[in-house]
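Letters A, B, C and D name the chains as they come in the text, with residue numbers starting at 1 for each one.
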Amino acid sequence: MNREKLIWTIIFVIGVGALGWRFFTTNMSMTYVAGTDYEFVEVGPAQSSDAPAQPSDKDAKTEPETRWVNLAEDPDLKEVQSGQEKVIKKLEPWTTYRDISMEVLPIQSAFKSAGLDPSLVLDPVDAKRQIDVAAQDGLINDTQKTDLSMRVGALERYPEVGLSWQRTLGVWIAAFFTLAIMSFLYRDNPFYKVAEAVVIGASAGYVMVAGFWTTFVKNLLVVLFPGAMRESLVPGLKADQAPDYIYIIPLIMIVLLLWRLAPKGGWISRWPLAFFIGVTAGFRLIGYLEADFLGQIAAGVIPLYVPVEVVSASGTVEGVSAWLTIWASFSNIVITLATLTGLVYFFFSVEHRGIVGRTAKVGIWFLMVAFGAMFGFTVMGRIALLSQRLEFMFGNWLDLIQRI
Amino acid sequence: MKRTIPLLIAIVAGFVVILSTFVPYTESWGEKGMIWFDILAVGAFVLGGGNLLKLHLEKISGQRPGWMYSVIIILSFVITLVIGLLEVGVHPNPMYPEYAWAGNYLEEGAGFWWIYQYVIYPLTSTMFAMLAFYVASAAFRAFRAKNFEATLLLVTAFIVLLGRTYAGVWLSAWIPPTMVDICDFFNIATTVEDWRTLRIDRLTEWLALDGPTKGAGRAILIGIALGVVSVSLKILLGVDRSYLGQD
Amino acid sequence: MSDECFSPLFVKPLPRMKTQFTLPLSALATIMLAVVAVFSGLSNAQNPAGGIPAPPSEINAVDVDGDKGEAIEVYWRLSANDPSASAMPDLSTDTPAQVTQYTIYRRLADGTDEYTEIGTQTYGVTTFTDSNVKQGVSYIYAVTADSEAGSSAMTVMAYPVAAVMQWFDYEKSWMGLILLFISAFIIFYIGLARSGKELKVRQIAGLSAVDEAVGRATEMGRPILFINGILDINDIQTLAGLTVLSRVARTAAEYGATLEVPTARALVMTTARETVQEAYLAAGRPDAYQEDRIYYLTDEQFGYVAGVTGTMVRDKPAACIYMGAFYAESLILAETGNHIGAIQVAGTAMPSQLPFFVAACDYTLIGEEFFAASAYLSGDPQQLGSLKGQDVGKLLGGGLLTIGVIFATLEVIWPDMTSIKDVRQYIDGNILGSDGLTMTSVEKGSDQWFEELLQRQRDFELNQNALESGGIDA
Amino acid sequence: MYQFLKNLDRRWVFLLMGLAVAIPILTNLTFPEETSPMVKDIYQAIEDLPDGSRILMAYDYDPGSMGELQPMAKAFTRQCAEKNHKLYYMALWPLGEPMIDIAGARILMEEYPHYKYGEDYVNLGFKPGAEAVITVIVTDLPKLFITDQQGTSFNDIPMCRNIRNIQQMDLIVSISAGDPGTKQWVQYAGTPYDIPIVAGVTGVQATQLVAYIPDQLIGLLGAIKGAAEYEQILDDNFPHINDNPDAQEAKKRMGPQLVGHALMVALIILGNILYFVGRRRGEER
């Protein structure tokens, strides 16, 4: 036991050391972002406030037409300058960021291989100047110069490019949790317990938040109080949307359900539950009968003999291919046989003996073949999931392979 | 009384939904019911979240084994909830810049997004990826030719595993031309196309996507549909009322 | 695009709309048309084809059957310049007249408004469903064929059409009959069982294992873990799982074993608590019921699995019972359960997860067996009756399938025999499909269909005129 | 040796599996692909539509299944963009929205700059309600999709102005990781309203959904293998896609697949050898 602990401690120390070394010498886990600026001003007709609306004007009561302009996209604000409009209100500017590591990292490595400082990339204008200097000094040749300036020039379309410490930290946290979950394969341990606690708490919170913003707001509040929602959470709502008061019912049901928390009369919460259990029973009964009973039988109505025609290059039919017909017919016969024997297997009224038993046995064989095929088929997806996780670990975190 | 009214509610609601599907005017009532259900489920989060908090607070106050992890659960739960509901770091919607609360709660760069991207997603997707290990250990242990059924299961899985990669083509590409040669020997005219089905990759597709899987899958689905009809009817006839609780 | 103000000129003379063609308007339109003709002639000077495609040759519309009167289907015949009108479309000669799309117009039949565009369809398509109609209001539809160079004349419907609400969806007649048939048998057998007749059903191996597992857990003094799937109570599998839970809880209460039920949904937790409490009461041990053993973890699939597997390796339950709707988590749960050496019984109607349960669990209830389990385990003879009803359903399904397959095969062997084809079509389209009780012999949009419809509308028109003139006694 | 293998700790299996996937990723191992008839059917279905047809792109998956479905989603977007089809993106999963961004909008923005938002493609975003959403939008699309994802009113989007419902779509491309997904699209839209559907699904779903082929579903791409074959057929037909490393993602992931599968095959063989040796020694029944 102590020996095992020692081994793990050594592995841990070596691992941390290797990570530290890699962190300071490579691009490991570095995440770069580009910003987009928003700076909104509301502009409106310049004369509207100076000259009071004329009484004869029918539209006198309506607001003067105003609009929002993003200064970052339209910094000139031509109409305002020409005096036709004026700024009515200004909002706090904001910037949103987007991950562009995939663009930045290859340029950085190009810089590195050319013997230049990779951190230059974050300031494309300065980087171009440094490339020119390096070219003059003969550190890089002309093809390198044009190539590097062209590549770094592509970054100039972003107003700002920078290292995001939040996201870089995030990559480390994500990597830690990935390893913590995988450590469960060896055995239960404190790292896994921490990861487990975090995932339970955070995902429960996540589902509730998502449920609130998507279902509760969009499917209940918007329907019941479209006016208030248009003024607050969902401004894009149509102006003429009328409230649908039938949605009071689910609201009342929530109240009934939460009555459980009250000291008395908690049994009333069974009402909404019973209502939905009834609806579920009715709805699923029809749904399964239509799609899975009738639908599957209809799909099963296939001919057992399928002649496959041989068509020449010019499009004329040259007759029926014996072998292909045999294959296609065989396939349909197998499908039909598997369905019918499978149904016999599910029979409850008769014991699996005699002819019924033998038929049911064939049914099980087909089920087993199907299960084997489904198992084998699924393995692929599972391995893909693992590859994706490892690609993250090797790419985004350790920077051993190209990032996805 | 405490059981009769809910039973009546369930029966009436169920039969109304069934009948409504046959009347064009009321056809969508069942679907509307499901939308309402989602709303109720969100309301029920109060119960679920409340229970989660209660359980772990009790664990902490009782200093029961593992209470430290309960602290982590409660912290991560509350932090996620607060950041998400208060839309921390979410900008207004660029289309409606003056509405501070109209932004996307999952906006890239915002607090909730960060939690999702760097905490929840890695954790859940790694949990999902663990399946790659479990399929291997399950296959090693369970796929043994103990009897005829088990042999069928294992042989099919074996073929499909091979056929889903390049190995399938590589191992069996010789079969169709060989079959043509054999037929030539018996003076039967065939082409390579006729025997293509015998290649492992084609056989895999037939096994997993056509033939037996399709047929057996159909039998399972038909059986399930009948099972659903029967379970639903038992609920709606009041034969099965285990969900109702006590008087 | 065609201008609305020209449209009356292109309209075929219609019996009921004559009043609308006032002289000044048509005169004005004629003049404007002439002007347009001159200009278009100029612009198409280098193009002898003219660039304007031929109009669609015919148009008709019918009320969509079996709806609440909110949709009308419009059909037309392809324009002669439609690339898919001829058998071998010649796409190489990209003439300006080649149809790129059809535009569908509509106006009220009472003539109180003008044609407005209601939608477009790409070339080669001859149908459009207008789902923006008012019930009972009559409309006239029109369609133009459009090319890069311009639009054809409008082809206008000869008779108005209105969307009507049906009170019964006849398309679902057969489904209703089959539902009645199966339900009647289920109810009949339940009644038969209730009257005391003993019904024989075969044994299912997995089911005795449930009791056995509970017993073993009691012996070992370890808990029983019950997972009710990861869906909410609006899934029927969750409800079926709850019934099994009720039985397991009752046995556990009788034996004095601990039962642990982590759930992925708050409502499942609530309902499961009701169920288990009732089971403990029924077993005469209401004091042994521990509410906190039935708890909510998280709705998130893998968050939930992480929590459950953690609990598994720490509490080492002696039995793990999985009954409900499962997705990818099935194998994670079952492999962890296998590792800790628990007896595992699973039941689900998720076909994709069955292979994993079959591989990793001791017993697996496959699809319908899972639904049957609740009937078996309840120990209630009434519930066993429902299984007999299900078997009747299987006989019906298997019978329909067999007959259908036989006729489908015969149809391939003797393709010319219409009677065989009709039988196959009736099974396929009517009984199993949504064509109603009677066969529809004419395909919508075909030549025959256009003719028949026109005739029907003429007859209707005659009747209407007769009614209006008071000629027919009602 | 036999005793060690017989009581083999499953952690050895785990370790082997980890290595079998990790090593090919680190060494960038890839293999050639050959397209199967079903993949050809799907390719042909999109290819045969007239240029500029309307296609509904239903992205019903989340980051959990990105590994399998992302390459398909990207490839579908690419083929449609090659044919200048009009693309309507929507999601029934809350996290499908970012998927539309990554595997749809971003591809169009970077590789097909002539695609204009609102004229050639639109992101309608996520709607909660699963199959209930489908049952509504088959008759009335703007009823639920009042705005697009950015909040622009539906009728203000040029390519949406004439769209009343999804029956007007010429094809539905359903990329799905579970429920709601392809099954619901087939049940509630494709089958009742005769809208052709092609699908890209996870391996698990593929086996169930084949029951719908060919009547209710034109074809489906199953798992990463289907994606790789589809990438191959695009590479063969559009040479410039061949040069795009982002369009070879699935093919790249087939390397770990092959080794992983080979390991599983070896494990099954080993397991059976152990079983038969054990039986000969009389240790097992």
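As a convention for this text, a residue touches a chain if its C-beta (ideal position, glycine included) is under 8 Å from a C-beta of that chain, and two chains touch if they have at least 3 such contacts.
Just so it is clear, the structure is predicted and the values come from calculations on it, not from any experiment.
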item	value
Third chains touching both chain C and chain A	B, D
Reference chain D; chain at largest CA-centroid distance	C
Inter-chain centre distance, chain C versus chain D - centres from mean C-alpha coordinates, in Å	23
For chain B paired with chain C, centre-to-centre distance based on mean C-alpha positions, whole Å	20
Computed distance of Cα centres, chain D from chain A, in Å	13
Mean-CA-position distance for chain B and chain A (Å)	16
Per-residue overlap in chain A, given as positions that touch at least 2 other chains	181, 184-185, 193, 195-196, 199-204, 206-208, 210-211, 215, 219, 235-236, 257, 260, 270, 273, 276-277, 279-281, 284-286, 288-289, 291, 293, 295-297, 299-300, 336, 339-340, 343, 346, 367, 370-375, 377-380, 382-383, 385-386, 388
Multi-chain contact sites of chain D, meaning residues that touch two or more partners	10, 14, 17-18, 21, 64, 128-129, 151-152, 204, 206-208, 211, 222-223, 225, 257, 260-261, 264
Overlap residues in chain C, where contacts from two or more other chains coincide	179, 182, 234, 236, 239, 267, 270-271, 274, 297-303, 306, 314, 328, 351-352, 354, 356, 358-359, 366-368, 372, 387, 390, 393-394, 397
Residues of chain C defined as touching chain D within the complex	70-71, 83, 117-124, 128-132, 301-302, 327-328, 339, 351-353, 434
Residues of chain C that touch chain B when the two form their complex	66-69, 165-169, 172, 176, 179, 182-183, 186-187, 190, 232, 234, 236, 239-240, 242-243, 245-246, 265-267, 269-271, 273-275, 277-279, 281, 292, 295-303, 305-306, 314, 328, 331-332, 334-335, 338, 349, 351, 354, 356, 358-360, 366-368, 370-372, 374-375, 378, 380, 382-383, 386-387, 389-390, 393-394, 397
Chain B to chain C touching residues, read off their complex	18, 21-25, 27, 34, 37, 40-41, 44-49, 51-52, 55, 58, 66, 120, 123-125, 127-128, 130-131, 134-135, 137-139, 141-143, 153, 217, 220-224, 226-235, 237, 239-240, 242-246
Chain D - residues contacting chain B, complex	8, 10, 13-14, 16-18, 21, 31-34, 36, 38, 63-64, 97-98, 128-132, 135-136, 150-152, 206-208, 210-211, 213, 222-223, 225, 254, 257-258, 260-265, 267-268, 270-272, 275-276
Touching residues on chain A, where the partner in the complex is chain C	181, 184, 187-188, 192-193, 195-196, 199-204, 206-208, 211, 257, 260, 269-270, 273, 276-277, 279-281, 284-286, 288-290, 293-295, 297-298, 300-307, 336, 339-340, 343-344, 346-352, 367, 371-372, 374-375, 378
